[in-house]
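One chain, subunit A, links the two complexes that follow: it is found with subunit B in the first and with subunit C in the second.
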Partner chain A sequence: MRRRKTLSDILAGWRMSEGAKEAIKDIIDRSRRNTMVAVGATIIIVMFSLALLAPVLPISDPEEYVDESFQPPSDNRWFGTDELGRDVFSRVIWGTRISLQVAVLAIFFSLLIGIMMGLMAGYFGGKTDYLIAGTIDLFWTFPPFLLALAFAATVAGGSLTAVIIAISISYWAGFARLMRGQALSVRERQFVEASRALGASNIRIMFTHVFPNCLAPLIVWASIGVADAITIESSLSFLGVGTQPPTPSWGYMLFRGLANLQEAPWMSTFPGVVLLITVLGFNLLGDGMRDVLDPRMKGMRR
Partner chain B sequence: MADLLSYIVRKLLLAIPVILLATLIVFLILYLYGADPITAVAPPHASAEDLEALRDKYGFDEPFPIQYGKFLKRLVFDQDLGTSVARGTLNTDVSYLIEQKLPKTLQLMAIGLTISYSIGIPLGIYAALRQDTLKDRGVMVFTLVGYAMPSFWLGILLMMALAVYTNILPIGGTVGGLENIILPALTLGLGNAALTTRMMRSSMLEVKRQDYITQLRSRGLPEREVIFKHALRNALLPVITVIGLDIGWFVAGAVVVETVFSWPGIGMLVINSIANADFPTVQGCILVLALFVVLGNLVADILYAFVDPRVRLG
Partner chain C sequence: MIAAGKPLLEIRGLRTQFFLHEGTVTALDGIDLTIYENESLGIVGETGCGKSMTAFSVLRLVPHPGKITDGSIKFKGLELMNLTEEQMRGIRGRRISMIFQDPSSSLDPVFNIGSQLGEVISLHQNIYDKDALKKKTIEALKLVRIAAPESVLRQYPHELSGGMKQRIMIALALSCNPSLLIADEPTTALDVTIQAQILNLLKEVIREAGSSMILITHNLGVVAETCDRVCIMYAGRIVEIAETFELFGNPLHPYAKGLLMAFPKLGEQKEELAVVRGTVPNLMEPFPGCPFVDRCDYATNVCERVRPTMVEVEPGHMVACHLYPKGGGWQDG
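Presenting the complex of A and B:
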């Protein structure tokens, strides 16, 4: 009988120090026991599967008029149909795809900007820090949603790319702040000093010593960031400046649902529930991971 | 007191670059806008000369720094935000439009803030005093869901529950008077109440652990007195100082909530203006919203320095 591969077996094959393996094993063990991580991760896995599988699932075309308008949920139209006779179930699933695509890419780019800015500011200090930290603070002052609204309103057309860019340039300041703080504290540590004494360049020190030490909080905040980005995207689409019809988007579906609240409550209920569950999933994962990675931060948030 | 004053002055000076950035972003809104905004103002069948005259009047054809300079100059010296280019409100001063809508948004935010604090503070204390019990868990689940809930979806849910199916409250607008503000304010307040509860709970837990509380208990003071007379006073401080930061959250929330309930404030004005390509009005509204945020941050900083002297000396 084939033995199931355990975590230690997998880790044994990796090229890294025993101490690092021990730490990784410890983190994975603790996250398995954390309910928030378990629930959050399950939700996220389901949502990503739906998003990836949308083109092959046996559901109707989300932009096609497949039935009569305002059909209530039934056996073959699980979530009913909307005002144009499109299948709400299919639109919710395709909406997952759009939502996750926008949110994940937007957070990826914000991370990229944030990490670069934060590392440079925290590591170099002095005038560089003064300039970058000032810029970070300027962006940090404003709620990302408000900035994204202002940016999204300027770009005519409201393509997906425009929404992604609008969210990215509104959200990076939080990551940069985090990164800068961590870099400031890490660079004073002895191993960084030792590495510098051995002649390592600034770039090398930043990426091999400073950056890995900031990974834990970044993972936490990236997860919460995706939740925020989903909320921002759906809010923008709800207000008509985000994803444009006929592309299925939860925010826009809720906007149409609001207009038809009396005749067809299912038009807003289903996208709303799925939207809430998805945002909740990423928040739970973030909160849970924080407890796992750094028990001292437990219960802190803002 | 002198150090508090110099702290406030310092913070006021630091707010200037933030406001400048806000004006720059706001200015870029019109400058970067791809389509020619003049088409929104011009009557149909306008001749090329007419268009040129209009462009001249609105200053759309000058280079960027000059346009921005003029924009700032008008803003600072005349409080002039330009005139609307939407068909319905053509040539109306943007500052007048904003003046009309501002009280509505302020009302909404004030009632929302009151709701948020009158739910969040007691609930946070309740949870903290029952740490790790089922009731505490229940409150924490409420805050998790409340935090994750996008405000427009919460608004639609409340509308379904209280207006569409039960007819307790009007669906939206301002026709009925006072009861119209309840739903939007409740939507705005409930979302933020989740955050306030979390803050209150963790702040109370922090204070409860401190030595002076143990000492009071060991002197035999009744628990009720220890908590409500001594612990609460210190636990409330961090919650109250974030009022300023909440304002930023409320400004963003108001834009969405006003749209859901057709509440005629700045938020609805900005969304309608975006839809009508009325960019001078969009500029003005966003600038006012940004000023709110900056003001809120300033209030937070000052409150914080006021209650915690270490901040202003640092």
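Presenting the complex of A and C:
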């Protein structure tokens, strides 16, 4: 019988120093032992697989009327049907696709803006910092959801792109603030001075030395940010300014389900539970990664 | 030794000031210093006397809110003060390099040694070919006597000892054959046996490369071991410059005398070490006279009022003190 490949075998094939391998192995080992990361990552992997595989899964078209209205969950229709006779199970899975797509892209753009602004503010300091930190504070004064709601309701008209932009605009300030604080402390470290003395330019120091040293907290917050973005997207759709019907979206399904809560509770329960589990997954991963990436938690058992 | 080399770096009237809310601190007050080719010069002085600031000023890296307000720095006849920031970047690391006090924090913790060395080499020599770069980095590590360069290339700073890290900093600094290496207290953070190794290494690699070195330290023992000439700084000014042997045998400035007196000698029984009494003057208040006047046993009225100028008492032995009047001393006798 062939022996199963262990982690060490895989790592042994990589071109890296023994110490780096040890560090990676250590992080993976600790992630495995960390229940939060394990559960969170499993949920996220399942959700992403469902989202990616939605078009090839043997499920009905989410926008087609396939059955009678208000059918309760059965062997055939696991999550029942909605008021127009569409398959709720299929709509929840296609909704995963929309939610993750919007959340991941929105957080990607937030990170992009946040990292650039925060890095510049923290690294250069002085007037640049004054301007950028002021802008960050301006955005920070509004709750992200309110800002996204205002933008989605007034400027953009319900396309997916508009929702992504709305969430990015309302969410970047948090990343920028985090990045700025990190950059402020890293720029004082001696290797920054040393690379300057060896002739490196500001841009080079910022991106090759300051940024990689700020990554750990950003990874943690990005994961929690995706959870937030999913919630914001669903809330916008719930209020009718997010993803527009007939595109399946968890938030809109919740809204339609609310109106029919008496006669068809499955219409809102299932999207709600899936939304909850997905958000929980990203939050668990974020929290767990915080512990895993924190060297002070080394050796602790959870 | 003195007249042998051509001047490599000529600093004239260098003044570096820090503009704080509380007032202006004059960190360097008219530094005149020449470094010749193929020599190593020690700069000695107590904390805050401007040793490191001299180094940063030469590289034009004075930290905010500091500014170089006056003076000229000529490197091989090229006026560094007139260069643009971009031209200056071409000088740093390539023509003039610097190594720092604490090797453990001078290396970036997230990259392995190979990529950090490679970064400097590709930056200054425009080598991007992977194999050529690797060959260059291995050469650089061999230069600093690292036994297994291939494996060290793949290691990260936290896997190396302090001495190894300082060797790598030296390799980084020397990777582009600079004409001048500035070592800012390179051995302070290391233990004594490693200190000796690193100093010997510095001495050897500098000689092999035919470069010059400025060694900044507050340890007179380090200077005695490593340097050809010594420059003693006090409160942002140079008070005495001489060849190492000359200075240790015949210190002229009262501060230099005090420093050497305070240095314990092997085999000597002493109940108490000699001290230089008093503390450094506040650099925020301008003083018209000699900065050492309050701590000096030989101070006279003139020391309070008039700033002493550099006098060449013996050939190559310069001192800034009123005890040695211009045109007096050995010339009269």
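The working rule: the second predicted complex is superposed on the first by the 271 of 302 C-alpha atoms of A that agree within 3 Å, B and C clash if a C-alpha of one lies under 4 Å from a C-alpha of the other, contacts with A are read in each partner's own complex, and residues count from 1 in each chain.
In this text, a contact is a pair of C-beta atoms (placed from the backbone, for glycine too) under 8 Å apart; a residue touches a chain by one contact, two chains touch by 3 or more.
This is a predicted model, so every value here is computed, not measured.
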Subunit B and subunit C placed together on subunit A: clash or fit? fit
Should A:Arg33 be classified as contacting the first partner (subunit B), the second (subunit C), both, or neither? neither
Partner touching more residues of subunit A, subunit B vs subunit C, is chain B
>> Let me test your reading of the model: by the given contact rule, A:Leu280 touches which partner, first (subunit B), second (subunit C), both or neither?
In response: first
Once aligned on A, the angle formed at the Cα centre of subunit A by those of subunit B and subunit C, in degrees rounded to the nearest 10, is 100
Q. Given the touch rule stated above, what does A:Ala227 touch, subunit B (first), subunit C (second), both, or neither?
A. first
Which partner chains sit in contact with A:Phe145 here, subunit B, subunit C, both or neither? Use first/second/both/neither. first
Closest CA approach of subunit B to subunit C after superposing, in angstrom, is 17
The shared contact residues of subunit A with subunit B and subunit C are none
Subunit A partner, complex, touching residues on subunit B are 17-18, 21-22, 25-26, 28-29, 32-35, 144-145, 147-153, 156-157, 159-160, 164, 195, 198-199, 201-202, 205, 242, 248-249, 251-252, 255-256, 259-260, 270-271, 274-275, 282, 286, 289-290, 293-294, 297
Per the touch rule above, subunit A residues touching subunit C in the complex are 15-17, 19-20, 23, 125-126, 189-191, 193-201, 204, 208-209, 212-213, 215
The residues of subunit C that touch subunit A in their complex are 59, 61, 64, 89-94, 97-100, 102, 105-112, 119-120, 123-124, 151, 154-156, 158-159, 169, 172-173
The subunit A residues in contact with subunit B across the complex are 134, 137-138, 141-143, 145-147, 149-151, 153-157, 227, 231, 234-235, 238-241, 251, 254, 257-258, 261-262, 265, 268, 272, 275-276, 279-280, 283-284, 287, 299-302
